[in-house]
Amino acid sequence: MEESNSLLVIIRHAPYSSNLLREGLDAALVAAAFGQPVDLLFLGQGVTALLKEQGIAAPGMKATRPTMDMLEMYDIEQLWTSEETLVALNLTRSDLRDNVQLIEAHALPAFMKSYSQILNF
Amino acid sequence: MEESNSLLVIIRHAPYSSNLLREGLDAALVAAAFGQPVDLLFLGQGVTALLKEQGIAAPGMKATRPTMDMLEMYDIEQLWTSEETLVALNLTRSDLRDNVQLIEAHALPAFMKSYSQILNF
Amino acid sequence: MLHILTKGPDSDVARQLQQAIADDDAIVLIEEGVLAALDGRWEGWTLYKSRIYLLAEDVAAWGLGELIDSETFATVDMQGFVGLTEQHTQTLTWY
Amino acid sequence: MLHILTKGPDSDVARQLQQAIADDDAIVLIEEGVLAALDGRWEGWTLYKSRIYLLAEDVAAWGLGELIDSETFATVDMQGFVGLTEQHTQTLTWY
Amino acid sequence: MEYGLLVMGAPYTSPAPHSALRFAHAVLTQGHRLNGVFFYHEGVHNASSLMAPPQDELNLREAWVELHETHQVSLDVCIAAALRRGVMNEAEAKRHGKTSYNLEAPFELTGLGQLLTLQQRCDRLVTFA
Amino acid sequence: MEYGLLVMGAPYTSPAPHSALRFAHAVLTQGHRLNGVFFYHEGVHNASSLMAPPQDELNLREAWVELHETHQVSLDVCIAAALRRGVMNEAEAKRHGKTSYNLEAPFELTGLGQLLTLQQRCDRLVTFA
């Protein structure tokens, strides 16, 4: 991700708690459709979007899973979260989708600096 | 406050962080104008509305102080907060307006039960 | 009194709620509030676990269904939530 | 990187921010974020106090002007805030 | 029992209106009466007739209207909260010199007094925010 | 330097638009160029021409319009975020069979691509949310 226009989209909100997750994913998808290299970083409650079971929609609300599944089609294959995030919610790597990579504690600042652009949702 | 239609309005948001403080005070003022006995309880960041210095408006935003000052005109003279609230923000009683009364730790549940109606802002 | 908590256990509102719980009060966790089920250290569990209910539909929607041991948590569906509001003369939402 | 924190020190976003601070990053506290000035125990003060700035107009608006010792906190006005965004090639808002 | 609801979250931003709507239907299923819904704070956006969500998403306004038509639930919107957020009916639009408006019956613009009346008249007032 | 702003908070609900506006003026005072403001999420309500705050309060929409007129700052509103929240221009209103609308020039409905372009074109993109 050393390219000069690489974008990191940070998702910090849970699927049904606000529309921020959805609107963050939309920004990532549009960037990818424009050919911009995009990675996604899930922090805080945002990591619940990566739960294997995620996707059973709340009654009356649009499911998140179909959008999550669309990410691969747009070549957004790098989904990241941090060790601190999992510890805070008592989750383990095995609770999450297979294509999620873990950033070690204290490595987050350097990780973020490797992107030329960041959007924080 | 044993009257059967006494109302407690709880304010938990700071003056300029959202419109909830303002809209909570409006509800209290309307209730008082209708002759309903009303008390105000400030919890969490809401207590910053009681700071002596409060009222210098954020540039471009309406000041809170004039509304706070109107409370007395509507006979809302009982302004309450809790000891836990002050401790959490490192404030002391002397930082607050004169007409604020303190609820002791652990006395809050009984205090709240003495009202027949509550609105939580 | 029935307390409705809509935010996670780490939120400042979850701490405000704790000051307000009387001995005969109950608590329903809805929306983000169901995330408390992941946090065994949340004080609510030590202090009044027997009076806390999770809204089942939100547990499922938030993807927590298989992560938590349903034996150890009391859940209610929407009808059960209405039932709780019948039993308590007051409800108070913390958001 | 310049981090802009808009919520209080007790919020979950303040904890998220802490994971993300590099050694040469700075932090501006605006809106509710200025409440951190009341909380001496906030980890930010121990870890990187010399790189934290309070937005002066929000300190005044939130009524904190006389409560905090202006000698011990670095404040910036709006112009100074813009100056900080000039010095750092990236800014990131935590809300 | 008589129920009233206070809704303070906006559609497509907060889950509160969705929770409130599901709660409303459960109240009615249990045989209770739902007297009215009061929209305050950001909840006023539930009344906007200009809301146009994607077709695969619930239109919250229509869901409230259906609740009104099937169960005669009143839908009251705080006028002060609505006006400052850009929600107004035809009469208010005229008064403010606007040619457009975005609030129509069965939603009604009313004062906060209506919320207090609802709270006093109902056995239970439940807030979704 | 060239600046761009991303505004995601609604007027009279969040302090973000107020902070953004003050920041915008400071950017211009310092001699920088403010290229554009992009309104996303709840920020789309900044564009509503039906907003009618009390007279002693700043009308945020008018403040943005003045910024546009004095400094040629573009005011772009995400169309998807706007439509689901009830903010639309005359063309979208027609397309959705509505007779009213609440977004007019100088605000423009655009896609999210405009946000990414703004971020790439500017030296600094600052978010207020």
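Worth pointing out:
For reference, chains read A, B, C, D, E and F in written order, and residue numbers begin at 1 within each chain.
Note that a residue touches a chain if its C-beta (ideal position, glycine included) is under 8 Å from a C-beta of that chain, and two chains touch if they have at least 3 such contacts.
Note that this is a predicted model, so its numbers are computed, not measured.
When the partners of chain B are compared with those of chain D, the chains appearing in both lists are C, F. Of all residue numbers used where chain E meets chain F, over half belong to both copies. The two sides are thus made of the same residues.
Set against the Cα centre of chain C, the chain with the most distant centre is F. Of all chains, the one whose Cα centroid sits at the greatest distance from that of chain E is D.
Across every pairing of chains, the maximum count of C-beta contacts belongs to E-F. Centroid to centroid, with C-alpha atoms defining each point, chain B and chain C lie 26 Å apart. Separating the centre of chain B from that of chain F, both taken as means of CA atoms, is a distance of 34 Å.
Per-chain Cα centroids separate chain C from chain F by 38 Å. In chain C, the residues that reach two or more other chains under the touch definition are 8, 10, 12, 15, 31, 57-58, 92-93, 95. Chain B has residues 16-17, 19, 45, 58-59, 61, 88, 117, 120 in contact with two or more other chains.
Multi-chain contact residues of chain E, defined as those touching 2 or more other chains: 12-13, 15, 22, 41, 54, 57, 84, 125, 127.
Shown here, the protein chains touch in an arrangement that is not a line, ring, star or fully connected set. Chain pairs that touch one another are A-C, A-D, A-E, A-F, B-C, B-D, B-E, B-F, C-D, C-E, D-F, E-F.
Within the complex formed with chain F, the residues of chain A that make contact are 5, 7, 19-20, 23, 26-27, 30-31, 34, 36, 117, 119-120. For chain C in complex with chain A, the touching residues are 8, 10, 31-32, 35, 38-40, 57-58, 60-67. Remark: chain E residues 10-13, 41-42, 45, 48-54, 57, 83-88, 92-93, 96, 98-102 touch chain F in the complex. On chain F, the positions that touch chain B within their shared complex are 12-15, 18, 21-22, 54, 56-58, 63.
Residues of chain F touching chain D in their complex: 1, 3, 8-9, 15-16, 19, 22-23, 25-27, 29-30, 32, 123-129.
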